[in-house]
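For reference, chains read A, B and C in written order, and residue numbers begin at 1 within each chain.
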Amino acid sequence: MSGFLLEVRNVTKRFGGFTALNTVSLQVKEGERFGLIGPNGSGKTTLINCISGALRNDGGQILFRGRDIAALPAHQRTRLGIARSFQIPKPFASMTVLQNLCIPLEYAANPTSHGADVPAEAMEILRLIGLHAKAHAMSVGLNQIEMRKLELARAMAARPKLLISDEGMAGLSSGEVDDILNLLFKLNEGGITIVMIEHIMRAVMRFSERIVVLDAGEKIAEGTPDEVVNNKAVEKAYLGE
Amino acid sequence: MFSYDLLANALVAGILLGGFYTAMSLGISLSFGLLDVVNIAHPVFVILGSYAAYATNSTFGLDPILSGLLFTPVFYLLGVAVYRIYYGSFEKTGEESLRGLVFFFGLMFIVEVSLLLTFGVDYRLVEAPYIGASFQIGPIGIALRLLVPCLVGLLMTGALYLFLGKSFYGKAVKGVSQDSLALRLMGANPVKIKTIGFGLAIATASLAGALLILIAPVEPSIGREYIGRVFAIAVLGGLGNIGGTLLASLILGVAESLTSTFSGPSWALAVSFGILLLVLAVRPAGLFGR
Amino acid sequence: MKRTFPFLIGLSVLLVLFLVLRGVGNRYYYFASYVILQYVLLATAWNILGGYTGYVNFGTPAFFALGAYTAVLLILLFKAPLPVLIVAGGLVGGLLGLGIGYLTLRLKGVFFSIATLALAVVLQTMVVNWEYVGGAKGINIFRPPSPPWFSNYVEFLFLVMGVLAVASVTVAWWIERSWIGRGLAAIRDNEEAAECMGVPTLKLKLLATTVSGFLLGVAGAPFPYYVTLVEPASAFDLNYAVNSLAMPMIGGTTTWMGPVVGAVLLGTAQQVATVTISSELNLLIVGVVLVGFVILAPQGIVGLVRKVWKERTA
């Protein structure tokens, strides 16, 4: 046991002739607040897809709590404790907000019991996230920030050990960004390890204890927010020469 | 009973058949491969083309290939109309998977049954001077009614390949599913490009239909036999890859011809289905897929 | 008790219908009702995979005919009794569903649909070439003597099909209200999200295809005794393909009620119409109505009624 919750060792992912990830390695400690940044197209979402199981990596290992999960289908990884939210929200359109949460609660958190308390648990999560007023509204009728919150709530409903938030704040106002940020802080205090992918720099800087920077499929920097901000390679990646 | 002559004839017939199959499959490669529109009704549009050729042939004595060319603009407009309905009802709202499929299925029925009501169940055929004629190269007999469609099919493939590779609209159609943002930045409207692409796909059905009725008589329901074939070809060749479609057509044509010659014609259909399942199970990206 | 409640209600309705028909005494109504009940079964079976899970099966005739010809085979070989035919037809249908599913469900949904499209044509070709079960000419099957209390065998078949239809609707009802149904709905709404939320999408899809295939095969098993002349043209009839799709789409795909409503409405309309218009025109109209609904009212009749109800009570 290496002591890390998540370990990505030399992961490579190719699409035809295009290499999206090139021997990327990183480690996330249990309980950490971890940031993943990089210019557009640098491979952040691809990496998340490989970790969550939406994609299979071509090379390298992915270890969760010391166990290699690269061969597991995504739903089993979720049951082990990895949950993610999607960049573009993917609500279950025929269901209400509450029902949306019941799916991960039933399938990821309680896969054998399919307990009768699921709706009550779902309501609790909605209260935490501030969506309980909309519990019985159809999920497609929500506005932008409500959708983002629902994405996050769904990931929370899977009762994960590791929660990956993929650009959950894009397009939100400053106040709304703070809302989501506070929620993530609260979750982290409750013991959930959080990996945040974001373009909104002040959010990432405020939130993360450590940051990894990707560019063109490779890791170019790693360290605390201050270290990363002052890194020349990072500056070059974002601003060019 | 095996003989090398028989084998050689079967091979040649298969290649000629393959050249024709490519004409039928170009439309699928375009719509399914490049535009992500699963138009399962495409074979029935080809049959529509066959009947158009039959109608002008029996009424005016017009050569089917000529009539196929003449009707191409009409079929293009038909394709545009169908795509507009499809896009407005389904693609825009993102529900194209289930409902789009059902839409084309319903369309397939409507066209097929309309043909049935108009023309009846009897087989229809066309008359042209080159049907029935054939020549020999050594032991191999080449029937013109197979050779002409094969050549036209190859010409169509070449023309489409050039269009997609060289012209502005062609390149736009090729790229529209992968990068509609880039297209927008270039000033092209992705919806318009897709409409053009789909119109083109249906336009190919006109000539393909003319070729079909040259090879053999048609009746409204034979379109269904071709669904498995054209999708097997499209998937095997790698969706959207014109060159791959040609190669896959030749492979399928030869496979069917050999099966037909040595095991009987009724098993030919099973061959295409078998190939389809095999490709889907083993290498769904096809031979050259992306 | 709560779980078998709808089954008992369905059986009661069926019993009432049966007694009414007995009172009327006209054999034609038995034949017509058999067809409608068969469609309730077919539409319900189709909808478990189509409406609940979002995977479109264009090859209903393949499953139906497979059930029918399995029955023919068992009748010829063993003179097997009807219950055996039904179970065997179902098992074969279920296996076919599992097989096609296993080969194609790991890919995008359209590939499953394309495979089912081609399936019917190929199976029909194989049956046409199989002389033992009659080939293209078909084969004559003699009905067994009718059981006690029934004046003729068709009466009995009507009841059997009725029980099967009620059973299939009950199965659909169970699935819909269970955790399986919720998982299927998640797959239908957004498969990628469902997988990431812990839903074992492949396993559930295979389950749905198998159950659906089983029920479709069951529908075909009594067919030989119903028609007495089993030929590929009628066993693989296109009507099955269109109707098993149109009835749920028109009735409503998200609940067990939709296929029932669609089958009863459309089935009855078609039975009435076949006396007055040709079967081709009938197919054309179904096609047009189907396209109309899929464009304008995709939620089907049940969905429309619900919407109106909601607006009324809002």
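Definition applied: contacts are C-beta pairs under 8 Å (C-beta built on N, C-alpha and C of every residue); 3 or more make two chains touch, one makes a residue touch a chain.
Model, not experiment: these values are computed from the prediction.
S.K.: Could you classify the connectivity of these chains, where an edge means two chains touch, as line, ring, star, complete or other?
M.R.: Shape of the chain contacts: a line, open at both ends.
S.K.: Using the touch rule from the top, point out the two chains with the most contacting C-beta pairs.
M.R.: Counting C-beta pairs in contact per chain pair, the top pair is B-C.
S.K.: With chain centres taken as the means of their Cα atoms, state the distance from chain A to chain B in Å.
M.R.: 45
S.K.: Once you find the CA centre of chain B and the CA centre of chain C, what distance in Å lies between them?
M.R.: Inter-chain centre distance comes to 32 Å.
S.K.: Residues of chain C that touch two or more other chains: which are they?
M.R.: 188
S.K.: For the complex, which residues does chain B have touching chain C?
M.R.: Touch residues, chain B against chain C: 38, 40, 85, 89, 95, 97-99, 101-103, 105-107, 109-110, 113-114, 116-117, 224-225, 227-228, 231-232, 235, 264, 266-267, 269-270, 272-273, 276-277, 280-281, 284.
S.K.: Under the touch definition given earlier, write down the residues of chain C that touch chain A in their complex.
M.R.: 179, 182-183, 185-186, 188-190, 192-202, 254
S.K.: Could you pull out which chain C residues touch chain B in their complex?
M.R.: Chain C residues touching chain B: 50, 54, 56, 58, 103-104, 107, 109-111, 113-115, 117-119, 121-122, 125-126, 128-129, 188, 238, 242, 245-246, 249, 278, 280-281, 283-284, 286-288, 290-291, 294-295, 298.
S.K.: Would you mind writing out the residues of chain A in touch with chain C in their complex?
M.R.: Listed in rising order, the residues of chain A that touch chain C are 52-54, 73-76, 78-79, 83-84, 86, 90-95, 99, 102-104, 106-109, 111, 114, 154, 157-158.
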